[in-house]
Amino acid sequence: MKNSGYEGRQDGIRTWVTPTIDTFDNLYRDREYEITMSIPEFTCVCPKTGLPDFATLTLTYYPDQKCIELKSFKEYTLAFRNQGIFHENVVNKMVDDIVASIKPRKLKLVGVFNARGGIKTTVTRNYPNT
Amino acid sequence: MKNSGYEGRQDGIRTWVTPTIDTFDNLYRDREYEITMSIPEFTCVCPKTGLPDFATLTLTYYPDQKCIELKSFKEYTLAFRNQGIFHENVVNKMVDDIVASIKPRKLKLVGVFNARGGIKTTVTRNYPNT
Amino acid sequence: MKNSGYEGRQDGIRTWVTPTIDTFDNLYRDREYEITMSIPEFTCVCPKTGLPDFATLTLTYYPDQKCIELKSFKEYTLAFRNQGIFHENVVNKMVDDIVASIKPRKLKLVGVFNARGGIKTTVTRNYPNT
Amino acid sequence: MKNSGYEGRQDGIRTWVTPTIDTFDNLYRDREYEITMSIPEFTCVCPKTGLPDFATLTLTYYPDQKCIELKSFKEYTLAFRNQGIFHENVVNKMVDDIVASIKPRKLKLVGVFNARGGIKTTVTRNYPNT
Amino acid sequence: MKNSGYEGRQDGIRTWVTPTIDTFDNLYRDREYEITMSIPEFTCVCPKTGLPDFATLTLTYYPDQKCIELKSFKEYTLAFRNQGIFHENVVNKMVDDIVASIKPRKLKLVGVFNARGGIKTTVTRNYPNT
Amino acid sequence: MKNSGYEGRQDGIRTWVTPTIDTFDNLYRDREYEITMSIPEFTCVCPKTGLPDFATLTLTYYPDQKCIELKSFKEYTLAFRNQGIFHENVVNKMVDDIVASIKPRKLKLVGVFNARGGIKTTVTRNYPNT
Amino acid sequence: MKNSGYEGRQDGIRTWVTPTIDTFDNLYRDREYEITMSIPEFTCVCPKTGLPDFATLTLTYYPDQKCIELKSFKEYTLAFRNQGIFHENVVNKMVDDIVASIKPRKLKLVGVFNARGGIKTTVTRNYPNT
Amino acid sequence: MKNSGYEGRQDGIRTWVTPTIDTFDNLYRDREYEITMSIPEFTCVCPKTGLPDFATLTLTYYPDQKCIELKSFKEYTLAFRNQGIFHENVVNKMVDDIVASIKPRKLKLVGVFNARGGIKTTVTRNYPNT
Amino acid sequence: MKNSGYEGRQDGIRTWVTPTIDTFDNLYRDREYEITMSIPEFTCVCPKTGLPDFATLTLTYYPDQKCIELKSFKEYTLAFRNQGIFHENVVNKMVDDIVASIKPRKLKLVGVFNARGGIKTTVTRNYPNT
Amino acid sequence: MKNSGYEGRQDGIRTWVTPTIDTFDNLYRDREYEITMSIPEFTCVCPKTGLPDFATLTLTYYPDQKCIELKSFKEYTLAFRNQGIFHENVVNKMVDDIVASIKPRKLKLVGVFNARGGIKTTVTRNYPNT
């Protein structure tokens, strides 16, 4: 069984510096509640073929001290538009970046990618691990 | 990472005095049951752009001594029509107001806001915290 | 906060005598199973405005010694057609009547009422309380 | 409250001899897995009116030593086509017959019957009881 | 009750040598996350009639050290195109092959097969058993 | 072939005096445009069985000098709630009444009645005949 | 190219005597309007395999002197339940019978049959020919 | 039959001065093509009750020398947010304003208004009249 | 602009000898009516990549002296399963073959092919040309 | 009424040189038939804001001597990914380019663009003009 060696070409993803995700103070930080953002227009590039990939991202989180500022988050996702990156890494990279920015009580990110070669891929990660 | 300072402009929301939510006595207060009200025509104003926002609100509660009177609740929601207020604060403010009015056994409010900048936001809060 | 005094006008509902719900013996009473009846054509009258209300009722129960006879149950629901009664009371009254008739192991009744004033109301009750 | 006496006319159902449900050996009997069969074309006859009833049946089971052979199961369900039998008894009779044939680890059968008199009935049974 | 003897004609399935499923190293192996692949274009052949069967397969897994390489997985599924094999065995064979290839933390495979003889079959297996 | 003689019992329908349909002056009577009213909550009574019937009515018309006043039209439809009348006659009676009230350029009325005995009936009439 | 000889086995269909379709006088025979009946529960038998077929029939007609009486039409369709007849002949036979019964201004009958062998068949006929 | 006198209270609508609809030059004015704008978030106020109305507007036009500038059109529709105006007049007023602004080859405007009193109203106008 | 030369590799398609499409005599050949066959399980092979293609075919025809025999038509379509052939040629080849077999009054064939490279292709041909 | 001057910034669009659309010879050029390509993953950039736009394009054409080669057409559409261009011009530019490449008998291109500012835009052009 050969290992197709993707990791090598994607090693820099974990340390890639993306635009800042701005925040605003949570006015109801003494309450526990949930915020969901659905982003149906995500696009990036396949690192193997150079062709575009498309996905719908759905982020759900319980804010603590800070909430994600909508417009800067939109700009953050635009940084992936011309970036070569695998589906699995898109979701993992974003979760790490968002957790670093707002330190939420908990969080879930789901990326539903359009079919390629007749196969549709979905990647889901929770924080903290459940 | 800059904090975009929304809180300052929204500080008054928690103390904003909204119209009374009328109630009626729960005829079956010795039974436990659930009431859901779905309000697909909610609108308010974005405090940053001054443009209208639209949402569907879904309130679910277990009444104790009192139930929410439908017509006065409709009028309560109309008070937000020309009010500048963020999505997160709409849901939190309403939960606080309803709990003060009917002291339910439990309650859940979900606000599904129409997409802005290609991002659709949903805010959900339970009472008491779960 | 004024109490709009509905209860007074609806006090008789709990003691209103409705048509009998006939039953038949449960042939498989040594088995535990579930029966669901969905009634999309329920209508009654709003006691405040005199205008008709419409609902879909969904009854789910686990029979013990007896099952509900379909035709007599249909006739039972027709008794509400020209009766002034609030949404909350429709569901509670029916649960009390059905429990008295068949003494089920457990039961759930959901009434989904068409929107009035742009608000759609759903009332749900379980027996016994959960 | 009169008992409408259905049981009498349906007493023979529990002992009615239906066609054999053939089986085949479970090739992966050392694995636990689930099989679902959906049968949208079931029809039988109402014992009161003589008119046809229609249903969608959904059977889910965890096989042990044996699996249900598809074609003989189809023929088994055809035996009900001109049989007078109540909705509740269709589901209970079938569960008893299938359990006798394949002795599954567990099983669930749901029968969703088309509306009669504006009421749609669903009957569900699990084996063993849950 | 006759046993229709399928197993005999399918005995070789458990030892049938299928194409290798290639893998790539999991870049985020210190995180727990879920990957779903949906394959709506699966086809194989019925061993009894020689006619084609069609299914949608949905694979969900939590990767450990390795992930499934998409293109080789597509080719793996193509090996079934002209193979005579029963629905139950398709799902069980694939689960055994995938587990051998990537040793995932957990995995679920669902095969939804198009109706034959008016009956639609779904087969589901989890790893490890739940 | 027997004639079931319905007409006799329904002869009075064409001359039955229903509530007035109020109108308002068409502000844009120098323009040609179309108005559609959809009424999903229509109910009347079957003259043979005495059981309620339910329908969705859809009225489309091109106003000339006058438009239909919404609230009085609602009240007009309520007059059918406890009236015994066949599906075909509901639509024909209404078209005659509306044409008499507003003398539209053209008009179409469609009544889609809920299934009875497993048969769903739709009645459609245009004015003038096309 | 062999002719599979179906006609021989179906020759009697055109002269098969089915139950009478009762009628009632058209109260609005001076108006032109359209009646549609949708029958989602039609079943007959395949003359080659003896297995049941299922279809949804939709009849649309412009009545002249007479309308179809709903209950007798239901009984007419029940005559096909255990009759061996091909899809094409079901629709043609019914059109001939209905035209003979009510002599409509025009008529259309569509039969949508459930898939057999992975092929779903629809048969449509207009009267008079268009 | 009383005339409910709406026109009087709405007489000023035809001469009400609304915000300018900006335009841009049609780059392909030597080609004939069609532009559709769908606006699901329209809201105005009922002149009788003072309560908000909601609608989805769909504008379709064939541009000649000029096209509608999207952002100014959005602002134009916002002028109706707190304006008392009947459904019929919303559509007619807008068609007159758009035709004055861009002089299109042809145009169609459809307003689908949310149900009030259980009746949903749609208003449609074409330019020029067809 | 280069011509990619497909035709050369597909020249034999027009003369490729496929299995016979059997027929049966049209019992109602003195009536004009329409038959539609929908085939959601068509598959063939891409001549450039060797990978499978999938399509839903919908055939509509007005029979003259003969109708298509369902089972032999199914077998005819199976001849394409492992054949390299472009989407456009599948539809054209089939129309030529069916017209030769049954000489229908008119015919339409639509092939809706699953997306490849993010592009979904549909091919439609009428006979005779319209 | 100010003219917002878009044309100036978009003047170069009509003369912008895009990648070649390759063709292949139409094997059935003596037949008239229709080909539809649906492209749900189109993206370009708004020339005013620099933000991405998304659309689904649907091209329908009747080929004459040549057909569009799928893969090169995909690449042609990718040329718009980072191009600033208005919705109206995307559709018109593409139609001019495709007509120049394959000289079809007729053609239609529809671009359905995702909502911006709550307004969803669709642009449609036929060739030749109809």
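Lettered A, B, C, D, E, F, G, H, I and J in written order, each chain numbered from 1.
Here, a residue touches a chain if its C-beta (ideal position, glycine included) is under 8 Å from a C-beta of that chain, and two chains touch if they have at least 3 such contacts.
Computed from a predicted structure; not experimentally measured.
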| item | value |
| --- | --- |
| More contacts between chains, B-J or F-G | F-G |
| Matching chain pair for A-E (criterion: over half of the contact pairs shared, by residue number), options B-J, D-E or E-I | D-E |
| CA centroid of chain B to CA centroid of chain D, Å | 47 |
| Chain centre separation (chain E, chain G; CA means) in Å | 45 |
| Inter-centroid spacing, chain I versus chain G (mean Cα positions, whole Å) | 29 |
| In chain C, residues with contacts to at least two other chains | 40-41, 114-115, 118 |
| Chain I residues within the chain E interface of the complex | 40-41, 43, 51-52, 54, 78, 81-82, 114 |
| Complex contacts: residues of chain I adjacent to chain A | 114-115, 118 |
| Chain A-touching residues of chain E, taken from the complex the two chains share | 20-28, 31-41, 63, 66-67, 69-74, 101 |
| Residue ranges of chain G touching chain I (in the complex, touch as defined) | 1-7, 10-11, 13-14, 88-89, 91-92, 95, 115-126, 129 |
